[in-house]
């Protein structure tokens, strides 16, 4: 069993930390809002005051925070994770952040004699709890192999993507399809509904059809009723789409459906729906279809 | 065992007819190009010269043709299926055609004392052969129940959608998501590829992710190599998108991602790719990304 | 002075007929709703009961109706314009209709020894009254030259476009830009307005800028207050966009901004605004911007 | 006559400086690449080594640079314009930069006892030389009135927009329509061309139609032949669209046609056309229409 660090104990990060504890590892955690990590302390996790302390106490340190800015806050500076790393240690960031920033961090980590992997996940809380989470990994392949047993305890499907920053780019590339699929699904449901088919029936048919991706399967029913707490809200999704659009511009890939979908997320925010699950684009489209 | 008619013995229709024969039914078939139905005759199917004759010989007559115009040709007129129907008979059309035309046919069928169902399928040849095809059914629910045992021999998932024409509308509503998912998938792959990730790796990751609908699972790999024979070509997909866009206008549902994707299919046709599987939109996007 | 026929005496057609009478021509007119043509009768126009009668009485017969279906009604059949034509006569259709239908009519006209021109206009009632209307002409150039003096009395800018049907195609190609310019203008105004700039100021600045096409100059102020009677309503504009999109598909030209704008017109119809001037797309966009 | 400073003597800035000299003002200029300003020195302009020196020598200092980053370079720091300002002086920035950065600079200017205006122009070199340039002004209205006589020597149409930063926002809002109008114009031309109408004829008709904004009038002919030197290149236009899209997201305005057009500019860059006038989107669309 290993000594592991976990920085960022939110809805997803906290559950992953718990999973690692359940697998027998010793976890040292850090969270900006300490109270939210109390349930993990109750189950044996050591809570520290600085991200750096988590890295100092651990062989492998994980982080999962809400974006590029948050990543810089917990990784950089004298209190940051990087400062707590040293020879032989591995830092695994699971956040969805700017690929360029991720690459920059990896260089700083190497300068300290350690190694970094970017290892974003595909899936939601439910996918994690069903033990079906997919991880994409960027960085040195040998480093990935060293920590593979631990990664597999998080999720069984590990795919080596390429150099540092490429896994997080791959995550962003994946998420653009998520958003677009949801808007297209909304068009499918509304077209059926306006033709006199019950919304429930339309959803059921679509969930049994060849368009039913895992995402459509769990998020599609949200058009019948949004979850009280968003699984992935409009603001978070738009953050990912902006990273995709920014990367597309830098690398010269036009992203027509992504750009269009992004504007519908802006409309959702204009209507005050930024904290709702991004499935709420359905209601934005319904709004201009004259039915809501 | 029943006496069944089958009009339209193409790639999909022929295999369904075969499946019904394998289940023990006696099938009378019609196909415009008779030679293409020879393999079914070899296995015991009776081939007739007019669609009407198939209907006259059968308790339940199926049809599956390539669109609204083809449907009118085989169903209407003195040689058509409707003319061969009578009291107690059922006509099940599995084509993807205009919902309004389907409703109109249903009325003519009723006038002859028979009943019609529209029963388009979701899935491809491979889905059929794996016995996982989904059928959506429009028409009277009691009529569907009468023929349900036969429908289940085609595919196990039967969903009652609503009145005549609504199942075919539901099929069109489903197909718009197919096309949009494929274009979004292409954006995902190209963004990854331009970032230095191998196309094969990008496809593998995406096929293990939450965006992997059954369609993405079987069509996604086409971006690595198009099939020699299109599973569903650009022209056919555009025909369905036009039905969706037309229905959207009639019933007042804006379909932004559908409209945009449709123009990329037009671009595919402009580039001479109309007979390729519609996965070829990937190459159209690659074309304006400067990599092909 | 010539004997002229005019079929279709609506807002635009009526004013053109009047202009031709003012120029000294003898006009025989037809309108489906006769009462609406009374003001022209009061000024000396002869009103007839069939389109054919207008053609029979005239050397040059004009028509201007609301679309392809209406054009067929007044031009075809035994009461139609074509039936009233004969050697030496010229038929000038100013409607915006399907280019293919226009070409088909031209063939029938030739079969009667006469000639047809399609001569749609660019501009509105105000452009006409200011004597600045542009006409595009399709058909034989020599025929256009024969009637040029009369055409110039309608509008001073005559452009020969090409064969029969090409002028009406050119009109459709022009109108797609009209709709897109209006939606883009709406984005410009709303962006300014949300930044705290008064809507009036934003409109004023834009009307003094390089984006101020004649259309933007007269229609832009409509975002401050729609006209009581639409100059060109949502339904009519969508009809033209459909002709453009249909032509684009047939001839393999992707029309991305047209397709997208068309869906916003559908949204306008969904919100019950189909009879408003198409400048109402501004309000649809405002609606999803949370300000109306 | 006044003592004026001018920082940024490029294609547009240099010509404005010349115009001010012609009007009798004494101009002190700064340009990063000094050689490009020699022609102005030859006509009597004083060239200085630092932006600050231009401001120190002048009552009113103008600047016109290529974007937000360039603006910060010439305005901020100890060598920047702001450091050379003092009580009673006015700084007029004519660049198209981030509204937020412009507002921030205005605060620093006030802290030095001076005042700032943002005064972007609408129009091109040809508009300037014809004496028809429009200026939008942001900042205190009284300050604008003080310098109005000088502004009118640049262009006759002065519109007061609102507080600091709002004029540059208005410029960005204007420019989004420029890009969209150009893409829509391209669709119009290509649709006509594919229908058999000569490209020259299509352009001529469109330039005589109600869609012919001043921008369409001077840029439309570029589809017949791009200018050797771009008037406004793809990179510059995309910079403005990004400012628009960013502002739209911040202030919650969906910008559908802008977002879509921006992706076609990305395609232009992917095809290596980033230094061409943005009218080159025509060729990108032609490229996927199979005609180039």
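By written order: A, B, C and D. Residues from 1 in each chain.
We adopt the following convention: contacts are C-beta pairs under 8 Å (C-beta built on N, C-alpha and C of every residue); 3 or more make two chains touch, one makes a residue touch a chain.
Source: prediction; values computed, not measured.
*Asks:* What is the set of chains touching both chain A and chain C?
*Replies:* Per touch definition, common to chain A and chain C: B, D.
*Asks:* Would the interface of chain B with chain D count as same or different, where same needs over half of all numbers used to appear in both copies?
*Replies:* same
*Asks:* When B-C is set beside A-B, which has more C-beta pairs in contact?
*Replies:* If we tally the contacting C-beta pairs, A-B comes out ahead.
*Asks:* Would you mind reporting the rotation angle for the C-alpha fit of chain C onto chain D, rounded to the nearest 5 degrees?
*Replies:* Chain C sits rotated relative to chain D by 180 degrees.
*Asks:* With chain centres defined as C-alpha means, what is the inter-centre distance between chain A and chain B in Å?
*Replies:* Roughly 36 Å separates the two chain centres.
*Asks:* Return the distance between the CA-based centres of chain B and chain D, expressed in whole Å.
*Replies:* Each chain's C-alpha centroid was found; their separation is 53 Å.
*Asks:* Whole-Å distance, chain B centre to chain C centre, using C-alpha means?
*Replies:* 40
*Asks:* Could you check chain D for residues that touch two or more other chains and list them?
*Replies:* Residues 248, 252-256, 260, 264, 267, 270, 288-290 of chain D touch two or more partner chains.
*Asks:* Within their complex, state which residues of chain A touch chain D.
*Replies:* It comes out as residues 238, 242, 248-249, 252-256, 259-260, 262-264, 266-267, 269-270.
*Asks:* Flag every residue of chain B that touches chain A in the complex, lowest number first.
*Replies:* Interface residues on chain B, with respect to chain A: 99, 122-124, 127, 134, 136, 157, 159-163, 166, 169-170, 172-174, 176-178, 180-181, 183-185, 187-192, 194-198, 201-202, 204-206, 208-216, 244, 247-248, 251-258, 260-261, 264, 285, 288-290.
*Asks:* Help me check something: in the complex, which residues belonging to chain B touch chain D?
*Replies:* Within the complex, chain B touches chain D at residues 256, 260, 267, 270-272, 284, 287-291.
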